[in-house]
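You will see subunit A twice below: alongside subunit B first, and alongside subunit C after that.
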Partner chain A sequence: MNALAQIGAVIGLNLQSLPQRFWMSAATVIAVALAVGVMLAFQSISAGFQATVRGSGSTEIAVISREGSGGSELNSAVSLDEMRILSGAPGVKLGPDGAPQMSGELYVIVDGRRKSGPEKVNLPLRGVGAAAAGFRDGFTITQGRMLQFGANELIVGEGVLEEFTGFEIGSVVRLGDADWNVVGAFTAPATVFDSEIWGDGAIVQNVFDRQGSVQTVRLRLDGPEGLQKLTDYVAADSRFNVIVETEADFFADQGGAVGFLAVVGTVLGVIMGIGSLAGALNTMFASVSARTREIATLRTIGFGGLSAFAGTFVESIVLALLGGLLGVGGAFLLFNGLTASTLGAGFTQVVFAFKVTPDSVVQGVGLALIIGVLGGLAPGLRAARAPLLAVNAA
Partner chain B sequence: MIDDLGLIFAGAFRKPLRAILLIITAMIAFLLFGMLGAFLSTLNAGINLTAANRLVVANKINFTSDLPYSYIARVRSVAGVTAVTWANWFGAYFQEPRNQIVTFAVDPESYLEVFSELQIPADQRAAFVGDRTGLLVGEATATRLGWKIGDTVPLQSNFLQRSDGEKIWPLTVRAIYTLADPKADTSALYLHYDYLNEANSFGKDKIGLMYLLTADPAQNEQIVRAIDDGFSTDRDQTATTTERAFAQGFLAQLGNLTQLLTSVMAAAFASLALIVGNTMVMALRERTKEIGVMKTLGFGAGRVMRLVIGEAVLLVGLGGALGLALASVALVGLASQAAAFFPGLGMSNDVLLIGAGLILGLGALTGAIPGVNAYRMRIVEAMGKGN
Partner chain C sequence: MGVLVDLNGVSKSFKRGGQAISIFDGLSMQIEDGDFIAIMGPSGSGKSTLLNMLGGIDRPSAGAITFRDERVDNKSEGAMAKFRARNIGFIFQFYNLMPTLSAARNVELPLLLTKLSGGERKKRVKTALELVQLSDRAHHKPRALSGGQQQRVAIARAIVSDPAMLLADEPTGDLDRKTADEILGLMQTLNRSLGKTIVMVTHDPAAARFAKRELHLDKGRFEERLSG
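Presenting the complex of A and B:
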C-alpha cells in the first residue's frame, strides 16, 4: 500500500469513528462555532453601519458646512448671505432652468420612539426645498405622495417607518409648535437619509427659529475639477467661514465610532478561539488515547507514522471547519439583514442592516482553520509516535 | 477533609495536560466575563449616580432643543422645588475636533448647590465661582491631560462661535473636583454660563437643560406635572423626567448594548460549560475502575460524588481566578486609552463577586453529570469494565 493510500485509509477510519466520541466532538464544533459567530456578529454590525454611512455620500456633490463643526450637520450653520454668494460659484452644474443645482438644508432633532422600547430617541428632521430629492441617488416615494411645499407636511424614510413609531402615514404629529401631516414615505436605499424625516425647509426654519441660516448646502459639481474651482472661490472670499468637501468625504469619517466594534469582534473572536483551541486539543488527545490500540495495530501491520499523524490532524481540521461553517451559517441566518439603529455622527438614529461580508466569512473560516491546525498538530504527533509495545500495557 | 482535598487535587491533575487545557478554557471565559462585566457596570454607573430627588427639564421637541432663559424663574416658583440650575452643552474639543471633552456651561453657584456631590476644596471653589473665565475640571480629565490649577486651556467648540470671530475660548483651570465613589466618572468640564452667553455669537439667553431638586422624591410626579402643564400653552413646551430616567433614555439611544454584551457573555459561558462538562465526563469514564475501587474501600456514594464535583470546581476555580485577575490587569491598561469615550472603566467589586458566584455555579454544573454518574455507579459494573 502506498503512503497516500495509507493516509487516506487512516483519515477514513478517524472520521468514521467520530460518532463514538460524539459529545466530545460536538463540544469542540460548537465552541469553535460560537467563537466564529461572536466575531462575525460584531463585524456585521460594524460593516452594516459603515456601508450605510459611507454609501450616503456622492463624489459628484459638494457639501458646504461650517468650519469646526466636526463633520456633523447638526453643529453646522451656513448663513443665507453665504448661500447667496455660493449661488454664483464656479464649478457648479446648472439645472435645466439655468440656475445652479443647489440645496440648502436644515437639520434639527426631534423625538421618536423605538418599536422595541419605550425610551425616546433622536430622529433627524431635515428641512428641504424642491431640489433636495434630486441630490439623493435612487430617491423614490414608496407610499403616499411627495410633500407639498408651503404646507405643514412631512415625508418619512422607510427606515423610520421600520424601526420607530409615531410617524405612520396619515398621522398628525406635533413638532415644535406646529402640527404636521405625514403624507408619504420615501426611500434613498441604504443611506442615512432613509432614517430621516423631511419637511418644507422654509416652515422648519420658522417653527424651529432658524431664520437667516441653513445648516448645510449641497451643490452638484460640474465635473472632476468642480470641487477645486469651488474650493478656490470660497478660499478667496473672506466672507466665508465654511469648509468645502465632497459628500463622500463628508460621510467617510462618520463610520469611525462604530468601526471599533469590528476590532472588538476580532479580539473577542480570537480570545474565544483560544478557549476553543484548548477544548479542541483535549478532544483530539482524547481521540488519540481512545484509539491507541488501533493506531499501534495499524503501525504493526506496516502503516507509517505519517498516516497516523494525518488521520488525527485531518480529524481536528474537519471538526474545526465544521464549527467554522456552523458559526458562519449561524451568523448569516441570525444577523445578516437584521435591522437596528444607533446614534450616528449627527447625534440622531441611523437605521442600518447588519452585513456579514465575504471578508468576515473568510476571517471566520480562517480562524476555524487555525484552531483546527493548532489543535491537530500535537495530538497528531503523539499518534505518530505511539510506542508499539506500550499499547498492550495500557 | 484534608484527605478529600488531596484526592480532589490528585484527581483533577491526573492528566496534567488535560487539566491545564481545562484551566485555560475557564480562564478565557472568565477573562471575557470580567472585561464585558466591567464595561456593563461602567455603562450603568452613570445611572446609579443619579439622585432620586433630582429632575431634568428639557425642551419637549427633544433635549437638544433649547429653552428660554425666562423659564428658570418660572420653574423656581413651582411648589416643592427647592433649587434650580441649568446647563448648556458646549461641544468642546481640545486642539483637534477628535479630542472631544464633555463640557457644560453652568451657573456655578446654583449648579454646585444642585450637584452637591462634586467635591471641591473651598478655596478652589471660591476661585472658580469668582472667575468668569474659570474652568472646573474633573479629576480624570485633569490627570489625563496634565492640567493644573492656574493653567490656561484653549478650548474650542464644534458649534458655538464667539461674536468677535475668535474660535478659541481661553479658560483658566480654577478648580478640580472629585467624587466620593472612585468608580464615578470625573471627566466633565464646567465653565461659566455668563461667559458663554455674553461671548456667543448666536442664541443668546437660551438654556439647554434645567436641573432641579425637589423637597421629597414622593412629590416628583406632582412637580413634573406642575412644570409641564405650566408651559403647555407656551411656544416652547417642556418634558420633565427624573434624572435616572433621563440617563437611561440617553443610554438607550445607543441601541441595545446591554443585550449585545450579555449575549456574548452567554456564548462564552456556553462554550466553557460544554468543553469542561464533556471533558469531565470523559475523564471520569477513564476512571470507572478507580471509582469501583474507592467504593469497595468503603467510600460512600455521596463522598465520591462530592470528590468528582470538587474536581470540576477546583479546575474552573483556578481558571476563573486567573481569568478575573487577567481581566483586572487588562482593564488597567485599557482604562487610560478608553478614558476619552469610556470614562471610569475598571474592575468593580460587583463583577468580582458575581464572577466568584459563577465560578462555583459553573464548577458545580459541569461536575454534576459525572458526579451523578459516579454516585450511581455500582461496584460490580465498575470493576467489570474492560479497561
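Presenting the complex of A and C:
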C-alpha cells in the first residue's frame, strides 16, 4: 500500500473541493486574517515606538540627569555649577580643541497642533548649544539651514514637519513669550529627536525662565571604561545630585510606556483567534458533513482512516495559513511604515513609524497555524470515523 | 470453479429503542468463482445489508464469512480495508464518483492503494476505460457525463485493480431502461468474458435476468431461481 499516495490523493480531493464551499471557507480565511491582522497592528505600534525610543540612545554618550527625575528630561535639572565641574571629569572624550565634548540641554514643552485634528498637543522644545548636533548620529539639515545661535531661530525635526502644522520653514511661531523664525528642518533618523524643535539653549533659558540650570548634560565617553570613570568621579563628589548612565540605558526604559500595546495586541489576537477557531471548526465540520459519502466511498474502496483524517486536517491548516498570510500581508501593507505620534515619556509627542517585525510575522503565522491545527483535529477525527454505510446515502 | 465466498449461519440484528430487531438469522450461502448472482427481495429484507457484509463494510452479529477459505468477518478495520482494496470492486446506485476528479482520476483511485508505478497505473486506467467504452471521456469530470456514462466510470473504477468479486447495489436504479440494459450488458460481459464474480442487489426483475442466478431473500431465507 502506498500510504503517502493515499494521503496525498485525499488531501488533493479536499483542496480541490474547496470551491464548493467557497463562502464558508472564505469566511474562515477572513476571520483568521482579522485575528492575525489585529494582533500585528498592535504589535507594530509597540515595536515601532520602542524601536524609535530605544534607537535614540548611544552607548558612547553619557547622560547626566537629576537623581529622582525618573528618567524624564522634563523633571530633571542639572545646575550650571554641576555642569562646570563635569567639564573636568575623567572618562570624557576631548574635542580637537582640547575641550571636553559635552552638551548641556534644556527640554521644555510647547504647544503644537496635529495636521489631523484641531486639538493641542505637547511638543518638546530642546534648547541646545553648537555641540548638540554632534551628539546625534546621522544628524542632517534636510531643508533650510541650521539655526543661528544668539537669534530667535528654530529648526524642527522631520517628524514634526510631517505630523504637525504651523512649523513650516519660513513661518513665525510664538513659543513662550517670544516669536521664533523657523529656518530649517533636520533629521536624526528613527530617533525621538526627529519629533523635537530645537532652539538656542541660552535664549530658551531666558524665554522659559530656566536660568542657572540645564536639564540634562550629554558627555561623549572616551572609551568602554569612560562611563565607570565618570560614575566614580561623580559618586566621590558630594556636590553632585545626579545619575550617570549611557544614553542607551536612559532611553531603554522609556519604550515600556507603549510596550503594553504588544500585550493588548496579543490578547486581542488570541481572543479573535478563538472566534476564528470556532469558525474554522464550523467550516471543517461542514466540509466533513458535505463530503461524508465521498469519504465513505474512499474508505470502502480501501483508503485508510488516516488519509481521511489527513485530508480534513490539512484542509483546515491550509485555510488558516491562507488567513494568516492574508493577515500578515494586510498588516504589512496597511501599517508597516505608517507614521503616527503618541505621548512619550516626557509627556511630549514622539513621532514614530509602525513596524511589522519578523518576530510579529512569526507570531501571526504561528497563531494561524494553531487555529488550523485545533480547527482540523476534531473534524479530522470525525472524517476518519465516517460510517462506511454512508456510502449508500442518496 | 471453486467456492469464492462462504456464508455460514450468518445473523444480523440491530437495536432500536432498546429492542433487538433481526434482519436475518442463520443465513448460509456459497458464491462460486465466476458466479453472477442477482439478489432480490422486498424492501427491508436485508439485501443491501447482506451485500455490505459480503463487501466487508458491515459485520454480521453472528456466524462466519470466509473468502477463499480465509475468515474475513473478524478482521480489524485496517485489515478489512486492505481486504476490500485487494478483493472487492464496488458499484453503487448513485455512482459515488469524486466530483472534482476527471473520469480517469476517479478510475485511478483504487490503484493508489497499490505499489504500481504512475505509468502502470495510467495503462490500467486506459484499459479499464476502454472496457467500458469511455476512452474519449477520460478527462471529463462527472458532471459532464450522463448517468449511464458515470456508472460506466464507476464500473471501470471497480474493475481497474482486478478484484475477484464485484458488488453492485441497485446499479441501474437511477438509470432509464435503455441505459440500464447497456450497463447490465456490460456487467454480463465482465462476468462471461473476464470471469468476474458479480453479486448484484436489485429490485428490478428485468435486471435480475442478466445474472446467472437469482436469489430471493425474504423473511431471512433464500429462495433460488436460475435465470439468464
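To be clear about the criterion, the second predicted complex is superposed on the first by the 389 of 394 C-alpha atoms of A that agree within 3 Å, B and C clash if a C-alpha of one lies under 4 Å from a C-alpha of the other, contacts with A are read in each partner's own complex, and residues count from 1 in each chain.
Rule of thumb we're sticking to: a contact is a pair of C-beta atoms (placed from the backbone, for glycine too) under 8 Å apart; a residue touches a chain by one contact, two chains touch by 3 or more.
Predicted model only: the values in this text are computed from it and were never measured.
Asker: As a test of reading the superposition: which chain, subunit B or subunit C, is in touch with more residues of subunit A?
Answerer: It is B that touches the greater number of subunit A residues.
Asker: For A:5, using the defined touch cut-off, is the partner it touches subunit B, subunit C, both, or neither? Pick first, second, both or neither.
Answerer: Only subunit C is touched by A:5; subunit B is not.
Asker: Applying the document's definition of touch, where does A:297 land relative to subunit B and subunit C: first, second, both, or neither?
Answerer: A:297: touches subunit C, not subunit B.
Asker: For A:151, is the partner it touches subunit B (first), subunit C (second), both, or none of the two (neither)?
Answerer: neither
Asker: Output check: A:94 vs subunit B and subunit C. Expected answer is one of first, second, both, neither. What do you get?
Answerer: Neither partner.
Asker: Is A:17 touching anything from subunit B or subunit C once the two structures are fitted on A? First, second, both or neither.
Answerer: After superposition on chain A, A:17 lies in contact with subunit C alone.
Asker: Would you check which partner chain A:108 touches, where first means subunit B only, second means subunit C only, and both and neither mean what they say?
Answerer: In the superposition, A:108 contacts subunit B only.
Asker: If you lay the two complexes on top of each other, which residues of subunit A touch subunit B in one and subunit C in the other?
Answerer: 394
Asker: How about subunit A: which of its residues touch subunit B in the complex?
Answerer: On the subunit A side, the touching residues are 23-24, 26-28, 30-31, 34-35, 37-38, 41, 68-72, 74-77, 108-111, 114, 116-117, 119-122, 175-177, 208, 257, 268, 271-272, 274-276, 278-279, 281-282, 285-286, 340-343, 347, 349, 394.
Asker: Can you list the residues on subunit A that touch subunit C in the complex?
Answerer: 1-2, 5-6, 9, 13, 16-17, 20, 293-294, 297-305, 388-389, 391-392, 394
Asker: Spell out the part of subunit C that touches subunit A in their complex, as residue ranges.
Answerer: Checking each residue of subunit C against subunit A gives 48, 52, 55, 57-58, 77-78, 81-82, 84-86, 90, 92-94, 96, 98-101, 109-110, 112-115, 157, 169.
Asker: With touch defined as at the start, can you tell me which subunit B residues reach subunit A in the complex?
Answerer: 17-18, 21-22, 24-25, 28-29, 31-32, 61-62, 64-65, 91, 93, 97, 100, 156-159, 161, 167, 202, 235-237, 248-249, 252-256, 264, 267-268, 270-272, 274-275, 277-279, 281-282, 341, 387
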